[in-house]
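Structures for review follow.
In the two complexes below, chain A is the common chain; its partner is chain B in one and chain C in the other.
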Partner chain A sequence: MFVARSIAADHKDLIHDVSYDFHGRRMATCSSDQSVKVWDKTESGEWHCTASWKTHSGSVWRVTWAHPEFGQVLASCSFDRTAAVWEEIVGESNDKQRGQSHWIKRTTLVDSRTSVTDVKFAPKHMGLMLTTCSADGVVRIYEAPDVMNLSQWSLQHEISCKLSCSCISWNPSSSRAHPPMIAVGSDDSSVTYTGKVQIYEYSENTRKEISSSTGPTKFEVQIVAQFDNHNSQVWRVSWNITSTLLASSGDDGCVRLWKANYMDNWKCTGILKGDGSPGNGSSGQPGALGTAGGTLAAASQNSLNGTSVGR
Partner chain B sequence: MSGPKPDILWSPHHVDRYVICDSELSLYRIESLGSTEAKAGAVPLSEETAATLLAINSDTPYMKCVAWYPKHEPECLLAVGQANGRVVLTSLGQSHNSKCKELMGKEFVPKHARQCNTLAWNPVDSNWLAAGLDKHRADFSVLIWDISSKFTPEASVPAEKIRLSSGDTDSGVVVTKPLYELGQNDACLSLCWLPRDQKLLLAGMHRNLAIFDLRNTSQKMFVNTKAIQGVTVDPYFHDRVASFFEGQVAIWDLRKFEKPVLTLSEQPKPLTKVAWCPTRTGLLATLMRDSDVVRLYDMQHTPTPIGDETEPTIIERCVQPCETIIGSFAWHPSAQNRMVVVSPNRGMTDFTVFERISLAWSSGTSLVWACGRHLYECSEECGAGAAAAAERDVATKMRERAQSRYGHDTVQVWKNHVLAGGNDPQLKSLWYTLHYILHDHHRYYIIQCFPYFFGNKQPLLYSGIKNIVKSSTSGTTESRRCWSGSERPAEVVRYLSEERGLALQLCGWIRCGPDINVEPFLKSLEQEGEWERAAAVALFNLDIRRAIQILHKGASFDKGDLNLNVVAMALSGYTDEKSSLWREMCSSLRLQLSNPYLCVMFAFLTSEPGAYDGVLYESRVAVRDRVAFACMFLSDSQLPRYIDKLTNEMKEAGNLEGILLTGLTKDGVDLMESYVDRTGDVQTASFCMLKGSSGEVLKDPRVQCWIENYRNLLDAWSFWHKRAEFDIHRSKLDPSSKPLAQVFVSCNFCGKSISYSCSSMPHQGRGFSQYGVSGSPTKSKVTSCPGCRKPLPRCALCLMNMGTPVSSCPGTGKSDEKVDLSKDKKLAQFNNWFTWCHNCRHGGHAGHMLNWFSDHSECPVSACTCRCMQLDTTGNLVPSDSS
Partner chain C sequence: MGEVDVDPIITLIPGIDSGQRHLGFAWGPGDLLTYETQYKSQGAGSVGQACPFVHVVRKDEDIYSPILRKLFNESHYIFVGLQRIKEEVPSKNKKPQFISISKNYRSVIRACMEELQQAAVSTHDTTLATQYGNQVSILLAVELIWNLCEVLFIEAAPAGALLRHLLDWVRLHKADVDEKAQEVLQSESPVQHQAYWDVVVCYVLQGRMEEAAQMLMKQASQQPAARAAYKLMDTLLTKMPVYSPGGTQTQTEFDVRWRQWHQECNRCLEDGSFASYSQLELICRILVGDEDTLLAQRERLSTWYHFLVTRLLYCHPIVKPTELHYYAQASMDMFLDARSGPEPLDSILLAAFEFDIHQVIKDCSIALNNWWFVAHLTDLLDHCKLLQSHNLHFGSNLREFLLLEYASGLFTHHSLWQLAVDYFDHCPEFGRVYLELQIERVPLDTEHKAVKVLRICEQRQMAEQVRSICKIMAKKALRNSRLGSALSWSIRAKDAAFATLISERFLQEYCSHGTFSDLDLIDNLGSAMLLSDRLTFLGKYREFHKLYGEKRFAEGARLLLSLMTAKIAPRNFWMTLLTDALPLLEQKQVIFSAEQTYELMRCLEELTADKAAQDADRPLQEDDIEATKVELLRLALARNLALAIVKEGTIEV
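After this line comes the complex of A and B, so read on.
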């Protein structure tokens, strides 16, 4: 049972990304109004905006948190071709009293010549590393050699993906059984014959990231399930912390939740309307979402767009 | 624009009204379904909204285009452009105030009759109405009328003459003198006023786009292009204009008007309408003829200044508001991204274009998403009931289990399944298995009876029934046992050996010791109300009378199943005659029994000796019972084969009941791996592997990975106390996981570590045990460096020398200290710890410092402005599991 409630975001334009910190007690949003807002959860569970500042001179596409062991650090990327790293510092006491915190820019990464479409910190066991990808198809991996000095970042790797990149994701596993991996997604509409997702892994021997999915495939990528319930383009997907629940959003304005049962059969367990109103399959309570019944049972044969890279 | 196809217009001020115009004008009011459900005549527009027809106006025939008066008063005033070039003011609705009456029916007549193509009200000076007409060689095509101009007698005469078409009887005022006349000898197809200046008018002329400046009508700025239809200004960037020609949309920047800044991909059919979304920047909707989709272009950035040749990012989307072909659409003036579409046969649909929804899961159970400018958070509500519990996500389950100290019960290991909620049969089986394996008495017994098991490098104890059965060294004895309690001397072959006995113990059927009596087990099953299972176990031990007795007891028990009596009756008729009716009936009817244990009872009774597939492969029967059964009745050749097969089955399915077979060996890790793959339950996996696996298994990268992931989960949930407890628990079983000391404090004078020298002091044990009793003479000793005997730094507040042994030396009788110290006292001891700020390096007794910072934000040391307490944001977070 999921219940949605609205948060007064007060952004002046579209919100492009929203991201929780490691503990789920802070949240950052970014918007076309060129600003980033940081939200803190009060003890009563309400979200309270504690910082809002102009970060870029263009739409801010993505915002992401570093692991808290590196401090309170955010990274953002924008249409203005830059990515930036921000750190919260202890503000003046009156700031604190007003419940506001102060964020300062530690660095601006200006290597991209086109819009920077995504930014992600690497898993913490790799140290303080940051990846960006840009519309011209370049993935850049930066590292802060001194984790105490966030203003120095060196460009470690530059991978040319040959496709306009729209999103990146690190393999979160710290297992030594396989090297670090990044998946890069493309929104290039012209390409249909090869995959739009490329997976790169770090090769210890050559000390650089190598591609493993475009050429001869090292991994067997298997479609576990595929669904077309959104009836239209699917925009975003997100795993929960144990990767046992998947949320997806699509052009039909719905957020759908997916879950696998014991037999690894995925099915839709809930629909939420994007505007917070109850989904079609729900009972009449306002804002409440029941488990979607009969209509979806049939859909489970259809399958969903989730891929899993060899476990 | 309209013609046979209906067009649609939203009222500029009433958020719930719109007009459909085809041959007549119809005013609709849109309402949410809740309030109009009862009302007849409401046309449903979507799941939530319906429209009611308020008024129809058919006074103006030959309608070509319509424009809604932009000001509040008079409301519902519409200008209608007709096929003969006349522009008529008309109204819909009832409010007839004086001003409205005066304007109603007023006509504006061009000199030469030809079609009126477009109308545009000036948004600032709302008396000005621009009309675009077809070409006439001796006339202008862009006429700007002043609707407030008074009736002029000389103008009325020609008006009388030209009254060709309007057969209406109204004696409306006729105006024939326009305020401005522009665009001679040309046709005008589209018009729009530029918001930059109220006197600038953009017109799509025959072969060019022209900007007329009314302050100087002789001058115009123009650019030759074919894209002259449907000019419209972006409401958010007043320099951005869209126009179209056939299937192509051109986007213009008025600051560099020479050529379009952008042409959008061409559509196969001509476009009929292009409109900027009024509630959102850079969203342009286009409609193609005979199409059922509205194509949206999302220009997600502000137009760049001149000279910057960046490639603009445009996201193209198609939305399909309804099943039918779309005749026209209109954006709602204020509701976000909302539009009404109308089909050629006047079917209407209310529709909202959703923005790209971005979403994220928190480490807990909440999901947040952003839709447009709005944020929504949603979290999983804890539903009650077993069904809800089973449906819940494993993350939620693990969270709850962590809070109930799941896995921490090392004495009564089986109890962990109760801590886990007690509703998962697999976990129950797992923890009972571990309980039997780890049970102390059991261990001693095994060591006594099977010393050779421990001669091997790997103790067989943890290695599960599979290895126990394989390693069978002592001979198996066959014994022919008679049925007790049955008159007939039927004999069943039963196998016995030490290993089989051990296996039965692990299965829980018999207690440890040489005794192979199952009676205690039956008693406990009876207590739990598992009558069928108890009966089956009794039967497998060839005690048919006991089985019948159990069934009877079950039937007579409170709320018991009376059918059990019937089963008991059926049992009592057991006969081993091959061709008896009893046999025949039992073997066919048993399949209809819903309880698996009842089913296998009859399977056992009716099967041939040595062929017990009906029992062994009944998957609904618990693995431990099947294994125990196999250990009793399968021969030495059959048994390992069966166990192997079952083990592989369990491994593949990731069924935790199989841990009984594999034990906590490599095999067990394999099984656990497929369990984790399937469920994601790293918690159970970590605790299970820590419960007594050998070091080798613990070093398996998979096991380490589960443990790390589980610790990470606890950290992410801010269950730091639980994580610390887990680490303690872990270090007990896996000493190699102990972390090193994190902080060393060295003396200012001699540079030696305070704790290091402290632990090397001969009398430290005594010192520690007496430490904490304030004012005790030994305390003065610890205020000095143990190495050089120089005093330690002073507390910034009390100005006393600090002194607390920070080392956690082993063997300091900590445990008994803990017992008699109340919570307050423990904290009192913590008050003596010394702390310092990493930034300014000032410090003091922890208690004093905490006290100080509860009222102050700056460091207590004079002239130090360090905000020591606010430096670390994470430190201010409180754990979620503090109890």
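After this line comes the complex of A and C, so read on.
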């Protein structure tokens, strides 16, 4: 892998989340400087900041895009105990010329009494639904019944997880074979006796989310592979689009990539880590086939290690 | 089959100190974003200034190379052709076809190599030249491996013919001898050229007897004294028995003749026929397959597999396929330096000689960072039914796995993604799912591109993807106030709710501007009109306008009325409709019949009754205008009613 491009994000404080839109043409970044920035990719592959605005009165933890079927919509959540929904407004022509666009707040969700740690949109087949989770262990599910009116959201469900929540993830499957499911993760260090991942499923009968977590459960949980390479706390994992590559971030300051071969053997296929130099980084190298392929060149003296595996 | 545990590659992200900070990431359709952060489970999270960069990390992808693109395009064409070969024909009859396809693939590789070579030579940019050079080396190796696989696995020649194919293989990849020969022949005095003996010996090493003999003749003519020796050598060279499969001789007969020849060569050595001519003596030693002599020719052979084939030629010409790997391993051990281990290429070739197809594929997957080679080769081998004779457990799944990986890589490219679609189509288990997931991520930059993507989805009955793409386009058009475009996309998405919304917008526009935009679209709605009530109304209302324009007043009148009585028109539009009726009511001739006029009156009363109920909210000014309108209408209606009654009551005499 190589660094194809480096974008000077220009936030005045730590960045906590970046998020690609559905097509990979836009990007949103959020930071402890309380603002969100939106970036657009040009045809030539350059990124321009088309909007930058203060969104909360505390560090913004996460920012996420809604499915483009709902328009250009973002949601953000923050230490200030709120989550917000933003919509892009097609601007005046002189704004367009300057390459700027405006985002206006459609709603603020103020139900949480503690820092809101994650915000995610549900899969599109469920309509326009948003979920937040908070440090006090409450997961809230909101719905906008009229997708054309983003200012009206109603709180559909409130789930008490009994553990401080740090992240949520929806089951993206739109299959009718099973009801919607949401996974909630916790980084609560005060409890060690119970599992830190809970999975909730929507039950039509009781019309509310029921927990089917790590207690007696109808789900069979199988460990496919286990790795302790990070040797430290792992605080984020995420699948790629086709769910063939898993990435994890850990306290060791690295991002590791995991992949299964055709025999279903999992292994680490790549590590991303900082080069140790502080301050301004900008990549130099766009080279493609060069290094990795050198191993095959009959006359090469390259050794196998370090130049062969390219995935 | 041991798993070679290769260490994961480390990619360095500039400007971030992993000791101090954390590395965050986010997935995108084609790449990964990384940024510096600090994850803490508690706290406000502010730390002041941090590395302000977000880095886009991508796989080393060759898909962005313009020259390699041809490789991808042309091999796609061959791939699709291969998939279409009929299943019913038994495999052995398809062998010539498979061989021809394999040769096609290889010629595509060679063409690409040549172009890269030219580009490397002609460019002024040194980094680019190096890059091209590397790519050429890789393609050379790829073609070498593919060729060997073709010979051993697809051609699968039996003993006797096998060696001929191996010789061809070596000759193809040691073409420098031809260049040297050219140079020598074109020089003033070929026999005195420093590369002369190089060429002759290389020819012999490659089993090119005729050419070697011809070269030698030049020497012979220069040295009359040595004529006898050269004549003898000429005889040895030209009389070497060559096995021709399908010829009249059996293997045993050939063996006998070959041994005779071999003995003759030995005799020449023993009785010192070439004692005074070191070069000829050298050649004779090669002819008898003397190991030490061959090893001494290390530089001219340059590779262990050349050494292997030469050894086989002069020691075991009717080597059996099953015996190959002994000789291969031995040759490699003899030829290569003990201190450095085998290079990846060597291991791959050895695995091929051992007929371990899976090992070949695996090692190639590891050594190359692009799935192109292994995916196409495995697919071809699978068609030859060669994968199944090996471990059945993952025979066809291996093919699919590799094709899926390759095609997924293509999908991130702005135009090559279209090739990927065909690959997914031919992956029966997971192809469709992969396609569904990835095709919806193709950015819909232009209508043209969206239509292209749609066509692909429609052809495969991917209804949900079709609907989703149309909806996204409709939404985008609406945001940019392109109502006509938004409407046609909604219709295509069969999205009634959205169509209603857009129709409302059209009607609002009409109310404020008095005209419709996108008349073409509305006029030609056809049956699509039925998608939503509002849309139907829009279409019919426009129809009314057309009728009026064509002065077909009676028809228009009927339509207008029906819009209200059949409740197609929304209530808030009735006033507008009634106002539209005014000019019809005020025509000289009677257009609305009495019956119709009663209907119109009833509609008006219904409307005013409603309005009366909402009276409290109405500001005074609006009331006046409304009231005037209503008065005008009442008057016109009354007058028309009178005229109509008279007209209908009159008997024409």
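Please note the rule applied: the second predicted complex is superposed on the first by the 266 of 311 C-alpha atoms of A that agree within 3 Å, B and C clash if a C-alpha of one lies under 4 Å from a C-alpha of the other, contacts with A are read in each partner's own complex, and residues count from 1 in each chain.
Everything below uses one rule, namely that a residue touches a chain if its C-beta (ideal position, glycine included) is under 8 Å from a C-beta of that chain, and two chains touch if they have at least 3 such contacts.
As the structure is a computational prediction, the values presented were derived from the model and not from experiment.
Q: Have a look at where A:Met148 lands relative to chain B and chain C in the superposition and call it first, second, both or neither.
A: second
Q: Let me test your reading of the model: by the given contact rule, A:Asn265 touches which partner, first (chain B), second (chain C), both or neither?
A: The answer is second: A:Asn265 touches chain C but not chain B.
Q: By residue count, which of the two partners contacts chain A more extensively, chain B or chain C?
A: So, of the two partners, C touches more residues of chain A.
Q: Mind working out whether A:Thr114 is in touch with chain B, chain C, both or neither, as first, second, both or neither?
A: first
Q: Quick check for you: in the superposed arrangement, does A:Gly58 touch first (chain B), second (chain C), both or neither?
A: both
Q: So in the superposed three-chain picture, is A:Trp235 touching just chain B, just chain C, both, or none of them (first/second/both/neither)?
A: In the superposition, A:Trp235 contacts both chain B and chain C.
Q: Once the shared chain is lined up, is A:Gly276 touching chain B (first), chain C (second), both, or neither of them?
A: Once the two structures are laid over each other on A, A:Gly276 reaches both partners.
Q: Please work out whether A:Phe79 is in contact with chain B alone, chain C alone, both, or neither, and reply first, second, both or neither.
A: Touch partners of A:Phe79: chain B and chain C.
Q: Which of the two partners, first being chain B and second being chain C, lies in contact with A:Ser166: first, second, both, or neither?
A: second
Q: Can you pull the chain A residues that chain B and chain C both touch?
A: On chain A, the residues that contact chain B in one structure and chain C in the other are 1-9, 11-20, 22-25, 27, 29, 32, 58-59, 68, 71-72, 79, 90, 135, 174, 235-236, 238-242, 244, 247, 249-253, 255, 257, 262, 269, 272, 274-277, 280, 289, 291, 311.
Q: Which bits of chain B are touching chain A when the two form their complex?
A: By the definition above, chain B touches chain A via 47-48, 280-281, 300-302, 310-311, 313, 317, 319-320, 352, 354-381, 383, 388, 391, 393-395, 398, 677-680, 682, 701-702, 705, 708, 713, 715-718, 857, 867, 870-871, 873-874, 877.
Q: Provide the residue numbers of chain C that touch chain A in the complex, in ascending order.
A: These residues of chain C touch chain A: 3, 5-39, 41-42, 44-62, 64-65, 68, 127, 130-131, 134-135, 137-138, 140-142, 144, 303, 343-345, 366-370, 394, 397-398, 401-402, 405, 408, 434, 437-438, 440-445, 464, 468, 471-472, 475-476, 479-481, 501.
Q: Provide the residue numbers of chain A that touch chain C in the complex, in ascending order.
A: Per the touch definition, chain A meets chain C at residues 1-20, 22-25, 27, 29, 32-33, 58-59, 61, 68-72, 79, 90, 124, 135, 148, 164, 166, 174, 187-189, 235-236, 238-242, 244, 247, 249-257, 261-263, 265, 267-283, 287-300, 304-306, 308-311.
Q: Quick check: in the complex, which residue numbers of chain A touch chain B?
A: 1-9, 11-20, 22-25, 27, 29, 31-32, 47, 58-59, 68, 71-72, 79, 88, 90, 93, 96, 114-115, 135, 173-177, 232-233, 235-236, 238-245, 247, 249-253, 255, 257, 259, 262, 264, 269, 272, 274-277, 280, 289, 291, 311
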